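Next up: some structures, all given as structure tokens.
Next come two complexes, and both contain chain A; in the first it sits with chain B, in the second with chain C.
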Partner chain A sequence: MASYLWKKVLLAVPTILGITLIAFILLQLAPSDPALVSLTLDGTNAPTIDEIQIKRHELGLDKPYIEQYTDWLKGLLHGNWGNSYITNEPVLDMLITASFVTVLLTVFAVLISMSIALPLAIILVMSSHKTIRTSVELISIFIATVPSFWLAMVGIHIFAENWSLFPTNGYDSLYSLVLPAIVLAIPVTGNLIRVQRISLEEVRSMNYILFAKAKGLPIWHIIYKYMIRNSIISVLSLLGNYSRSLLGGAVVVELIFSLPGLGSAVLQAIQLRDYPMIQGYIVIMGIITILVNIVIDLLYVWLQPEISIGGTHES
Partner chain B sequence: MNHKFGFGFWASVGILFIFLAISIVSCFWTPHDPMKVAISNVLMEPSSEYLLGTDSLGRDILSRLMLGSRISISFGILAAFLTMTLGLILGVASGYFGGWVDYGIQSVVYLFQGIPGYAFMIAITGILEPSMFSLTLAVVITSWTSFAQMIRGEVLAVKSKPYVKSVIVLGATPFYCIRHYIMPTVIPLALTLLMMRISTTILLVASLSFIGLGIQPPLADWGIMVQEGMTYYRTFPRLVYIPGIAIILFCGCLNYIGERLRGYYL
Partner chain C sequence: MYILKTYRWFWLILFVWIIAIALVFHQKGSVESNEIVLAAPRDIAPGPKDPYFVSSIAMVWEPLIGVDAQGSMVGVLATHWESNEDNTEWTFYLKDNVTFHDGTIFNSDAVIRNVQRWQAMRTKPSPFYSFNIKAMYPGLINATAGGDNVVIFHLKSPDPVFPERLINFSSAMFSPNSFDLKTGDFINADIGTGPFKLKEYKKNQYVLLSRNEMYHGNLAQADTIRIRAIPNADTRYAALKAEEIVGVVDIGAIPPALTRDLLKDERFALSTNNNTLNQVLTVNQSKWPFSDPRMIRAISLIIHRDDVINTYFSGQAVPYGSILNSLNPYAIPMATIYDETQAKSLAHEVMGNQRVKASLLIPQYGINRYSYKEVGQYYQAIFKELGIDVSITILEGAAHKKLVSLGQYDFSLGTMGMSSYAPEGIFRTYLAENGSMNRLYHVGYYDERAELLLNNLKTDITKEAHIIKYNELQKISSEHMPVVVFGSDRTTLVYNQQKIEGFQALTYGVSLDTIHWR
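Now for the complex of A and B:
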């Protein structure tokens, strides 16, 4: 299992390199000149050509591209991700503080969606009402298409303003993450219920379940010990997908709820043309994604040891 | 899925047709000019003249909804179609030829999968100034990988079947084999995936427009309409509810149909 882990980590390195390359190329394609941008940020300066030249030299923009790229890479590895054009703080620190909030939000959202979806799916599987099942299937498909920004606004209007159950925005405590997490979790829950139900039904038709029932084991025992354990696998890959998209897609929700996470940080950076920040954002999102991938793979291996013996692993 | 498509399926198809019809009609006629600002008419209640009321700049909501349908749906179809083309070409190449071609394409896929889609889309549209081009580029770059992977899986499955193997042994050129054997199986799957991709694209574009990085005002798009309605949400919630329901309805029906078709073909 250790070698499996090492292979994954090794594969991560060229991927991250590739991501940095993409981030660098993307920024070179930007229409504005970073030197001009950083000089005119406060809106009052009208820099002369000489000042712009000096700034370009200072930012290292007149070096050949390869050298700029390798310099930036070296800086990345040493923890120097550049300073933000706006606040002049190190980009890495700003990104790490922001990623705490985003990661917490994502974890909450995943927990909430699992805790709603799993019991619902079990109830669905155990009941034999055909109309209930088809209607829940229909509802969950439509729930999965609710746009998050719309849901966020509706959620704020109903729960935070009219009923005052949650704070409307800001990040005062962990509690203020609850409503955003619910909003993020709802589209995910729709799909999760469906996949969970399909997988539970597959398990239920297995022989060992019949045997357990014949032995006289209580139903809760059967559900807990056998059905949940065996159906988690297919759910895991879905959760992996969702963790990745939640991490990136929390942007809009963070904006609406004014949470100081990665999403609002990068939006602000884009609006103010804060290029070092945008570059750092792409790289850190790549790193977080790869970490999430590794965690999911580890969970796979832990839950089903057959996979680690080098069987076909479909990505 | 073992039985024919039921009521839900055809009802969804019907709803989709209604939306498409509205979009096409909006090319020629809308109740009022969707871009015409009339400050004297702001925020009016639904009346016989303005069937859904007016928005904060006095524009007729129904007309903007129709225009938004046209723009959202046509952009969604275009971007999803481009994604499908790219994913199809690379998926078939990767699955059929195998070897170095497969290895190369798979590494590119792995690289692109390492970047979270939404974050990358924001970065692309933010850096390259929001425009039709950057929007299309962002959508295609982030969505083609899942397409290519599924197509590749299907191609591999078909290629291992005995009748395909025998045709190859008999000396069929790759082109012949792909065209007559692989495509008939792969195309239905691709079309099904296309439907779901259209719905995802529309959602993505709507949320990008909401942030301001997608379709730019004064063009209408469901996302922009929600954003414009945000300021007046508390007193005039219908400004937000109406485009939102349009999105949910259209994309939900697309997804439902896509799921049913997928169950039918797989």
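Now for the complex of A and C:
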């Protein structure tokens, strides 16, 4: 297990480096000049060419590209992620603050999603009532295809504007995250229902389920002890993928709900060509992705000990 | 016990949910109920690294000289001012009995320390007005004390409009104990003398202001005001409707279409005021046919300013055509002439029967704040009459700036403005051959007479001589235009009139000190 974890971490290093290199190249190709953007933040200042050159020098943008990239990497290795071009504050501090809201929002969304998807998938599999099955199936397809921004606007209009159940925006407390998390969770829930249903149906057709029924075990016991446990692996894989896309997809939801998370921060950084912030975001997302992968792999083993990871059988 | 043990995961998950729900609802009502909550489209308190920490909208700090609701210059921390004969020394008399929020006395020493901070900072970017000592106070040598409440600014060369340079952000006074003199960064939040203290701020979230009970003027009417940062216009609209906020502040607070919609609801009212921005169409004059001044004149003549402004700005601007903003004390109102026949004739003189293709760049902020897309389409339609086939490209801010700075455009829509009332800033930026806007955005403007007048301004001692040249420069800019000005911007704010009173849009921000619950 330990060697597996090491391998994962070692493999992550070139992966993150590769991503940051590609991101760096793409940023250089984008039509923009961070020095000009930084000096014209107010929309009225017209800096002279000399002032722009001085700013470029100050930000290190007049150095060769290779040097800019290696300087940034060296800083990263020494725990210095650089300062924001716009606010001049340490990027790492800004990212850590923003990560808290985004991770909380994502965890909340995953919990909501799982809590809704699992019971509905069980109803779908166990129900012999065709209308219920078709309705749940159709609803799951519909909600899986609804875009988050639309859900956010409709959610705000109904639950915040008209019914005043939730705040329209901001992050004052956990309560502020409820509506954004529901919005973020809904499309994922639709997909989870479908995958969980397929998985549960496969397990239901197994002989050990038939045996358990023949033994006269109560149905809820069979579902809880055998069906969920054995079907959850495929859902976990999907959830692993979704956790990553939820983190990324939180951008729109954070923007609409004015949440000070990673999504809002990176969106602003992209608009203002704040390269250190964008690069830092990519590293943070890389780290989170790797951590999620490791956690999912460990969950596989924990749930089904017969699964081996890292090339050796675990017992 | 068996059920507990056998279904332990079920109980655990149920327990986690109960705790989560309890936490969520426990935190639900944490906001103080007597707070007046407003919203702005951006964070109005960028913090210690910003040259001003917080926007003047928050009324936390005050300048030596400000402007009143009509836009006229008024002393705020300075009672009056005077200059020596050649305008190289300006003496400011300071208000008595003023203290900063941290208890430090405001006097000539505090002003001198602020001037030293300016000189140490040199330049510092800000989303409000970027600090640039050379551009803001050209020729400033230093400031010395002429008494406890008298401070003298010493200048290298005569500057009859030095006070005009000091309005609002340009003469913001901060407690000498609140900043690091070397870097200019703030070290604490007890920075100003204003009617509100900065009680709390969270970056990109909100600013919490509390009344300064020791204020030297009339006390603010509200105890506490929270200004939230809500970047999305639709969310600000929803927050107003849900009565989570009772008003919006700052430039671009609410787009015209949403304003119209809100005003259908009797709860909401509009408050507007002129501001220091002009709506302009920048033309790249380094390329034919726009390098011919007659073509720029033709473009200006075919724009029906009343139509554009009334149709697409919904009170967010007024028709206007002068390079100096309508609030500027030296602005001469110019008639906004619409003459399609003459426009076509001028275009024909330049282009004959040829047609040209041209690109119009629109920055994204113009779509969020104004109706630039519709305005662009209007220009696209009317410029056809002149033989110009316009293609419109909407770009996010950074890409727009880059393309314009590379000269890869023919037309660009935007706003122009200055942090001060000294007209030289605008004239040198737009009319001088080496003016930063002219160079940076490849406008390609050159006018021999304007160049001569701008050079003469450097040596003119008296205000009268300056005014004569300001007038002539404005006349030149209306005939040989560096940019086509089509509107003077107005701050347009919406508030809930059933909840609050005393909400009045100012030339920059809102009358925060008079807002109170109904």
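The rule is simple: the second predicted complex is superposed on the first by the 295 of 315 C-alpha atoms of A that agree within 3 Å, B and C clash if a C-alpha of one lies under 4 Å from a C-alpha of the other, contacts with A are read in each partner's own complex, and residues count from 1 in each chain.
Everything below uses one rule, namely that contacts are C-beta pairs under 8 Å (C-beta built on N, C-alpha and C of every residue); 3 or more make two chains touch, one makes a residue touch a chain.
Just so you know, these numbers come straight off a predicted model, no measurement behind them.
In the superposed model, A:L179 lies in contact with neither chain B nor chain C. When both complexes are overlaid on chain A, the residue A:I193 reaches neither chain B nor chain C. Once chain A of one complex is fitted onto chain A of the other, the partner contacts of A:G18 are limited to chain B, with no touch recorded for chain C.
Residue contacts after overlaying the shared chain place A:L247 against chain B, while chain C stays out of touching range.
When the shared chain is aligned, chain B and chain C each come close enough to touch A:H157. Applying the stated contact rule after C-alpha superposition, one finds that A:P31 touches each of chain B and chain C. Of the two partner chains, chain B and chain C are each touched by A:L255. Looking at the shared chain after the overlay, A:V146 reaches chain B, while chain C stays out of its contact range. Contact with chain B, but none with chain C, is seen for A:L138 once the two complexes are overlaid on the shared chain. Judged by the document's definition of touching, chain A residues 30-31, 153, 157, 161, 255, 271 lie at the interface with chain B and also at the interface with chain C.
Here chain A touches chain C in the complex through residues 30-34, 36-49, 51-52, 54, 86-89, 97, 108, 111, 115, 153, 156-157, 160-161, 164, 167-175, 178, 221, 224-225, 255-258, 260, 264-265, 268, 271-273, going by the rule given at the top. By the touch criterion given at the top, residues 11, 15-16, 18-19, 22-23, 26-27, 29-31, 134, 138, 141-142, 144-150, 153-154, 157, 161, 244-245, 247-249, 251-252, 255, 266-267, 270-271, 278, 281-282, 285-286, 288-290, 293, 314-315 of chain A touch chain B in their complex. Interface residues of chain C facing chain A in the complex, by the touch rule stated above, are 6-7, 10, 13, 16-17, 20, 23-25, 27-28, 30-31, 46-47, 49-50, 123, 125-130, 132, 135, 202-206, 228-232, 234-235, 238-239, 241-244, 277, 365, 396-399, 401-403, 405, 414-419, 429, 435-437, 439-441. Note for the complex: chain B touches chain A at residues 8, 110-111, 113-120, 122-124, 126-129, 149, 153, 199, 203, 206-207, 210-211, 213, 223, 226, 230, 233-234, 237, 240-241, 243-244, 247-248, 251-252, 255-256, 259.
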